[in-house]
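Two complexes are shown next, each including chain A; its partner changes from chain B in the first to chain C in the second.
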Partner chain A sequence: MRAIGHIAVNVFRESVRDKVLYSIVAFAVMLIAVSYLLAQLTAGQDLKIIKDLGLASIATFGLLMAIFIGIGLVWKEVERRSIYGLLTKPIRRWEFILGKYVGLVLTLLVNVAVMTAAFYAVLAYQGWGVDELARRAWPAPPMDPALLSAIALILVELMLVTGIALFFSTFSGPFLSAVLTLGLWVIGHFNTDLRNFENVVESRAAAWLARGLYYALPNFDTFDIKAQVVQGQHVAASYIALSVLYGMVYPALVLTGAVAIFSRRDFK
Partner chain B sequence: MDAIRTEALTKHFTVGFWRPRPYLALEALTLQIGHGEVFGFLGPNGAGKTTTLKLLMQLIYPTSGHAEILGRPVGDVEVKRRIGYLPENPYFYDYLTAEELLEYFSALFGHSAAERRRRASALLDEVGIGAERRLQLRKFSKGMLQRVGIAQALINDPEVVFFDEPMSGLDPLGRRHIRELILRLRDRGCTVFFSSHVLSDAEALCSRVAILANGRLVSQGALSEILAVTIRGWELVVSGLTETALAHAQSSAGIRGATRLGPERYALELPMTVPPEHLLAKLVAAGATLVSLNPLHDTLEDFFVRQVAAAPEERGLESTRG
Partner chain C sequence: MALGILFTAAVGLQAVRDRQAPLASPGTEHLLYVRSPEFLKRAALSYDSLVADVYWIRAVQHYGQTKLSAGQSKQYDLLFPLLDLTTSLDPRFNIAYRFGAIFLAEQYPAGAGRPDQAIALLEKGLRQQPGKWEFAQDIGFVHYWWRKDYVQAAEWFTRAGAMPGAPNWLSPLAAVTLAQGGNRESSRRLWQELLGSADAAWLRTQARFRLSQLDAMDQIDALEGVVRLYAQRTGSPPRTWGDVIRAGYLQGLPIDPERHEYQLNPSRGTVTLSERSPLNPLPTPEQPRG
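== the complex of A and B ==
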């Protein structure tokens, strides 16, 4: 287990020394800040615009980081042959995979925290000096703690994306891994439609196939509570807990697959 | 118990996408290497040396056969704790400094922070990396990376080290430095297994060698035995030998060649079939003085060229081995 920690710290160190990552985070923070200006152009929707744009920025740039770092995690080590030096140290292959995963999750955690801090700073500025009457018109307060639950679920979603990217990275190149991960992410957002497929088709086989795919493919929609939170609607704690549980179990299965493939792999 | 043992170790790769075909990378390699030996694993490019090392490091899995290091199966974490490995043309994380890389690898062995710093510093001194140790590895030359690679292979004070082409990319001074390092490792009781196609390195360092060609072992044994069986004659160096006496000796004693080294000083080459005692007695009687008498051995290079040329070539398809 100690090896996993050391490998994870090294992944984190690689990320913080990567200028591309800084650019992504800087761009995200800038976009969150710009949301304040956009909010000024709307009448009565200012806070909603900031929250929508802020949460969307965190989700989108987090996704970019998870995919573009995740797809290179294993591939880069194999392609550049740095894996020869590492795997001959007293570590097991599954520790290597888990270390890489934990390292990227740690990186995402820190970056999401930075974006969240920028988001709350903009919200605090927006709410500063606003009179009580205007406040009452808002569906939720600017510094609404419920936003944190939406951000937490974004982070759990990113953990799942990371697991999938890492899985593909164990046997394919970065381009294919990026396409497959992004493809699954898009499909995963329409997963609920697969469940309802049986209501619109006659064929029993097609209905079963759709039902099978619904369970097999990741359901990313389950992590999206942004709209409810922005509108000030209550999201049940049990729903959040179940989503988090799903976001733990699915990556665990994906990582098990990644370890199974990686453990049998020849590094020519 | 041997330090390294392989039994019929075989690796076939599959090549071709539409019509996959097996390709022989290594065929039934059986080796036993004792503790404290410096073992040279020789062969031309593409002979299967790197494939063998990767099998021993379990970076690839054998098609058949078995390998053990220190009495345990290769890939065992307990084995990895006691060995070191330098890959061919090593590449490490270029965003780390040499110090950070060594400390990172040291941490994987469970060393404390102070111990990591001590080991990294001592090893970088030993391989001749000075102030550059605080530069990121992306700024390192090939030779410097090679030195870092050797240092990381020794971070755990291993009992067995595997060096894949350790002299690659090094300048003459660096090669000498690494030769001395290998001899120091031997003196400490460490078993050194190194692959090379530079025969002078093997000749200078190894107690035993194995020669691999086209994926097959063509010869192995102690260097002294390999070269002793191929004594091809004698070299006699004499002084005080006049040209007349030399001409007389050449006509009667079967001398294969004579090289003038100085005034009345010659090196005479005799075939193996002619005992040198008889000629020596004649020359001394003619007033010459013996300076030296030595058997003429094949060099390792002569032996190597003969063995590789005689190796069977059929092995499947185009080369994918290192």
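== the complex of A and C ==
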């Protein structure tokens, strides 16, 4: 466990030193702040637009970080040949993979926290000094704590993306890993269509195949409760709990796969 | 130093280019590349709510730019497709249904002049949220104000009044609408109730504007009465408001609620709003349908 901790802290330190990461977070914070101006372009619903844009910024920039840092975690070590030195130390390969994963999740957690703080600051400014009648038009208050549940599920989604990026990076280069991870993320948003495939095709085999893919591929739609939260709709705690659980089990699955592949790789 | 010079040069070039004749518009303002809500919903991945915001902003801009454009033939042809896409991407985008219906129903050229599309949009909202009494009230309102169909209006007010959470003035309003049709007093009552209950600032502004129009219509009726009285007493109609003031029928120049002077037409003895008054055009006389 200590080895995992050391590797995780190193990944975190390395990420914090990365100027690109700062640029991404700065851009996200700027976009969240600019949402206030964008909201002035419309009639009504300014709060909705700020919330939509804020949550979308956190999700998008988090996704960029997860993919572009995740794909380089293993590849960089191989490319720099530092992997040889690392593997001579008393570190098992599964500890190496898990440490890398935990380090990146820690980095994402800190960055999402920074973006969330900026998001709430803009919301507080928007809600400040608004009269009671205007408040009644809002489906949910500006500083709605329910937004945190949407952000928490975004973070869980990012954990899954990180796991997938890390999995691909154990056997392919950064470009291919990025394409594959992004591709899987896109496909993961069409999962509902796969489930309903049997309603549009006559072939039972095709329907079964689609149903199989529906369960096998990661379902990213399950983590998306942004619209519901912004509209002030109640999201059942059981739904959130099951989604979080799914977001724990699936990364465990891909990380196991990553460890299996990485353990078989010959670095001699 | 070099930075300063280059920055000044960039700003200067921008200013010089702006002073030149602007580049001709490519004419893409009236293009909507994607019209299928189903496709757009899939293509938006998990960003459908944000894409709905983008389409809503585009709908507002399209309405505002067309309304303010100086051209003779104003085209609101994209308004309904944009609102349809917005509400398909985010079916609970309540303001898009309510404001969108106002944009669509408003008489041409101030709006699209399509109360039928306004009703279709609100009915779509009701299919999504069957208990949303505000949509039913707005449908009644479109029938009342724009279609002058008081039977349908009363029916929708009744339906809205029966929905959970609806204010208690809706059912009596339905009865008044049915009994008195579109007379000015029932119109005033409708707008006053909306002014008191609307939680969106833009709807309250609309209600205030319509109440000012109704006040102006009352004032025009009273002024035309004064003009007739002047003509009866003196044997000839007044040529200017000065004649009426000197005769003691008015204490000063008559101004509308937006502080513009009313216009006197001496040959016909009629009174109208100033062309500059923002209250133009006043609603047409209440002619019930059917």
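By definition in this document, the second predicted complex is superposed on the first by the 267 of 268 C-alpha atoms of A that agree within 3 Å, B and C clash if a C-alpha of one lies under 4 Å from a C-alpha of the other, contacts with A are read in each partner's own complex, and residues count from 1 in each chain.
By our rule, a residue touches a chain if its C-beta (ideal position, glycine included) is under 8 Å from a C-beta of that chain, and two chains touch if they have at least 3 such contacts.
Since we're looking at a predicted model, the values are computed, not measured.
Student: Of the two partner chains, chain B (first) and chain C (second), which one does A:Arg13 touch, if any: first, second, both, or neither?
Tutor: First partner only, chain B.
Student: Quick check for you: in the superposed arrangement, does A:Arg92 touch first (chain B), second (chain C), both or neither?
Tutor: first
Student: Taking the superposition as given, does A:Tyr84 touch the first partner, chain B, the second, chain C, both, or neither?
Tutor: After superposition on chain A, A:Tyr84 lies in contact with chain B alone.
Student: In the superposed arrangement, does A:Lys100 touch chain B (first), chain C (second), both or neither?
Tutor: Touch partners of A:Lys100: none, neither chain B nor chain C.
Student: If you stack the two complexes on chain A, which partner ends up touching A:Arg264: first (chain B), second (chain C), both, or neither?
Tutor: Only chain B; A:Arg264 stays clear of chain C.
Student: Just chain B (first), just chain C (second), both, or neither: which does A:Arg2 touch?
Tutor: Touch status of A:Arg2: first partner only.
Student: For a test of understanding, state which residues of chain A touch chain B in their complex under the given definition.
Tutor: 2-3, 6, 10, 13-14, 17-18, 80-92, 264, 266-268
Student: Give every residue of chain C touching chain A within the complex, in rising order.
Tutor: Going through chain C, the ones touching chain A are 42, 45-50, 52-53, 56-57, 60-61, 90, 92-96, 99, 199-202, 204.
Student: Which stretch or stretches of chain B touch chain A in the complex?
Tutor: Listed in rising order, the residues of chain B that touch chain A are 13, 54, 57-61, 77-78, 80-81, 83, 85, 87, 89-93, 95-96, 104-105, 107-110, 149, 152, 320.
Student: Within their complex, state which residues of chain A touch chain C.
Tutor: It is residues 38, 41-45, 48-49, 52-53, 56, 59, 133-134, 136-137, 139, 186, 189-190, 193, 220-221, 224, 226-227, 230-231, 233 of chain A that touch chain C.
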